[in-house]
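Both complexes below contain chain A, partnered by chain B and then by chain C.
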Partner chain A sequence: MWRDICIWLAETATIFNKEWRTELRTRYALNTVGLFAFTTLVTTTIALGPAGISEPARPFVVVLLWMILLFAASAGLPRTFVHEEESRTAMALRLMARPSSLFCGKALYNLVLIFSLELLVAPLYIGVMQLPIGSMRHFVLALLVGGFGLALGSTLTAAMVAQAEAKGPLFAVLAFPILLPLLKFAIDATLAATADQSLLIARGEVALTLGILYDGTLMVAALMLFPAIWNP
Partner chain B sequence: MKKTLPWLLWTWLSAVILAAFFYAPISAGFAGLAGDSPQSSRIVFFHVPMAVTSFIAFLVAAWWSVVYLRRRTPEADRASAAAVEVGIVFCVLATVTGAVWAQVQWGDFWNWDPRQTSIALAIVFYAAYLTLRSAIEDPETKARISAAYCALGFFVAPFLFFILPRMASFSLHPKPASAEFEWRILIVVLGGIIGYSGLFFWMHRLRCRSLAIEERLMESFDDDR
Partner chain C sequence: MHHLYRSYGRLRVLRDVSGAVETGEVLAVTGDNGSGKSTLLRCLAGLMAPQKGTIVCRLEGRELDVIERRRAVGYVAPDLEFYGELTTLENLQFACRLRHLDDDRAGHLLQRVGLPLNRPAGKLSSGMRQRLRWAWALLHRPRILLLDEPLQNLDAKGRDEVLLLLTEQLENGLAVIANPDPLELPNVARHLHLAR
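Right after this comes the complex of A and B.
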């Protein structure tokens, strides 16, 4: 039992390290995600103006933050399994690791990428847009829950898309309906965190709970379905 | 027996349609919502059964996807794809009948009400399934990946159909509890659900057969080449 767990953890860590080593060689996802986020951030600031936001505009600003995160993730994350399919090394990966550790290693890599993106974008966005934060704890939790779901959903979708034609457009088509309920929960929780009202904070906590539930559901679904997606 | 069943189905559906117009009364709750056109509330006898049937169709699709993932038989793949195709037809019909009702009640065909949004998302999800199928050439890979995506729908659907619409603080969509349902209305709605579900299973069987014929034709075409 313990030996199995140790082997599983070692496999997951190997996949995670391999992903980062491959990524640092080309820096494809890092550059794409970072530049995409920066460009959209600048565009949003120019479009809305630097003078800060009024209270009625607060929901739009929160929605825009999640749009930046979603589309930046969509730009970099679909590459997750495509690299192996294109370089014809997928079979080696199938032989080397069991599907669950492979999925967890890849999802962990995407998770670090998303959290780094959030760490970079969220403070910049708050500063530039002068977005008031009523409850920092709820704001950080909303980012964590949303980011976790984004990484899981994107990894699972990327695994499906890697085996199809027209990978880029197909990723958006498949991922959008899977990620939208999660985005709704994350936006609601972030909105509540930016308002300093106890009633809204309570609504935000409901959204956070639902977000955690959705993340858990995605995790269970991914672990159940990934072996079928990955193994011919 | 095979020839009798469609006739039974048509008779049942004709009876339900006639009952919707001449037997069931207008619901007091819905008639009040419909303003100057209380007769328009009869759309509930078509809209609700079609929405329920589409949900049943997507459940059937998920079931056959799981069967495919366990047994890897082409029949299960065809059954899943056929259920999604027919389910989308019912889902679109439920959306259209809902939009017609929305025009009468709210003055606009589309209002981005939480229920309208969630049914639109369900259509997008299953349309994405069909797009995925068309994007993969190898039949085994196509069946495997699309079965996994369809089974994923089984996990996502409760959030789309039940949780998201209830999260909104305000919805124009009438709630069953807010309408005064007389037992005759319930009988016709239930009859409609049984009838349209029967129609779905009949169409599903036909589509499975036509997909099998299409596959055989493609195989013989490939052999000739």
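Right after this comes the complex of A and C.
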């Protein structure tokens, strides 16, 4: 049992290392995600900031933060599986790797990518928009829960999209129902974290709990569904 | 394999294909382009499921399921590609780690097939890519080899090298080899011709 877990972890780490090694040589996802985040951040700042925000505008600014994260992630994350099919390396992977370790290796890579994006974008966004943070702990937790779900949902959707003929528009169509509830929870939790009222923070905790439950459900569903998506 | 059927939409590719091969033997599959040779090999490798019929693969008296069969076979095919950003050695080391083999095996096989260790796979010629496919397929010393047009793009020296590797492999295994025309191969015990 313990030996099987070690073997599985080693396979997952091998996939994760390969993803980063190829990414660092092409920098496709890093450039796409980074450029998208930078462009939207600058556009938002020019259009809205940095004059400071009024209370009625606060929800709008929070939603905008998640939109930046969602679209930046959508621009780079689906490549994980689509590139394997397009460059015809998927066949070798199918013959070598266990579906579960393959999925987890790729999801882990997307997770690191999205957490790095959040680490870069969130402080900049808070700074330029002068977004007040009532509870930093809740704000960070909202980013972690939202980022985890985004990475997992994007990896699963990318695996489905990679099998299709028309890959371009399909990602948005498939990702929408998977990521919509998660975004709702993440936005509610972030909104509560930016408020300075205990009642709102308590509401945020409910949203965070729901987000964690959604992430867990998504994880289990992804591990169950992925072998059927990946195998003929 | 017993009475295999496979079609792509309305196009029937495999129609009632049956055959068998034992350890130490080669099953040669021939047929025109589009006769279903590659489809048959994909079905045998577990990369594609036949719509009708059964494939039974026994290794050391035990029947393998599809996932086990996939990991057990050595597969060479023209549509098998490697990571162009990684070197030949890195590509094979990646395979070694997924198959829980010693990394040294990668370097050893690359030398056997006469490939440079540190050239990116994306910068290999078509003949060199074919040699890399052979090295990749033999990495885990598979008992079952499925070879689709295995001598494609190889020069005379390359052909001799891979045929020597095939002969070594057949001492303890079997091979199914698909090619449009019959090849001069060792140990060919059975022959299957697919008609379009």
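In this section, the second predicted complex is superposed on the first by the 231 of 232 C-alpha atoms of A that agree within 3 Å, B and C clash if a C-alpha of one lies under 4 Å from a C-alpha of the other, contacts with A are read in each partner's own complex, and residues count from 1 in each chain.
Note that contacts are C-beta pairs under 8 Å (C-beta built on N, C-alpha and C of every residue); 3 or more make two chains touch, one makes a residue touch a chain.
Treat the numbers as computed from the prediction; the structure is a model and nothing was measured.
Enquirer: One more residue to check, A:I229. First (chain B), second (chain C), both or neither?
Expert: Once the two structures are laid over each other on A, A:I229 reaches chain B alone.
Enquirer: For A:L156, is the partner it touches chain B (first), chain C (second), both, or none of the two (neither)?
Expert: First partner only, chain B.
Enquirer: For A:M129, using the defined touch cut-off, is the partner it touches chain B, chain C, both, or neither? Pick first, second, both or neither.
Expert: A:M129 sits against neither chain B nor chain C.
Enquirer: Taking the superposition as given, does A:L41 touch the first partner, chain B, the second, chain C, both, or neither?
Expert: After superposition on chain A, A:L41 lies in contact with neither partner.
Enquirer: Is A:L64 touching the first partner chain B, the second partner chain C, both, or neither of them?
Expert: neither
Enquirer: Touching A:T89, do we find chain B (first), chain C (second), both, or neither?
Expert: second
Enquirer: Which partner, chain B or chain C, is in contact with more residues of chain A?
Expert: B
Enquirer: Starting from the residues of chain A touching chain B, keep only those that also touch chain C in the other complex, and list them.
Expert: 232
Enquirer: Applying the document's contact rule, which stretches of chain A touch chain B when the two form their complex?
Expert: For this pair, the touching residues of chain A are 156, 160, 163-166, 170, 173-174, 176-178, 180-181, 184, 188, 206-207, 210, 214, 217-218, 220-221, 225, 228-229, 232.
Enquirer: Would you pull the chain C residues touching chain A in the complex into a rising list?
Expert: These residues of chain C touch chain A: 45, 47-49, 66-67, 70-71, 73, 75, 77, 79-86, 90, 94-95, 97-100, 136.
Enquirer: For a test of understanding, state which residues of chain A touch chain C in their complex under the given definition.
Expert: By the definition above, chain A touches chain C via 7, 10-11, 14-15, 18, 21-22, 25-26, 87-89, 91-92, 94-98, 231-232.
Enquirer: Which residues of chain B touch chain A in their complex?
Expert: Listed in rising order, the residues are 69, 121, 124-125, 128, 131-132, 135-137, 140-141, 144-145, 147-149, 151-152, 155-156, 159-160, 163-164, 167.
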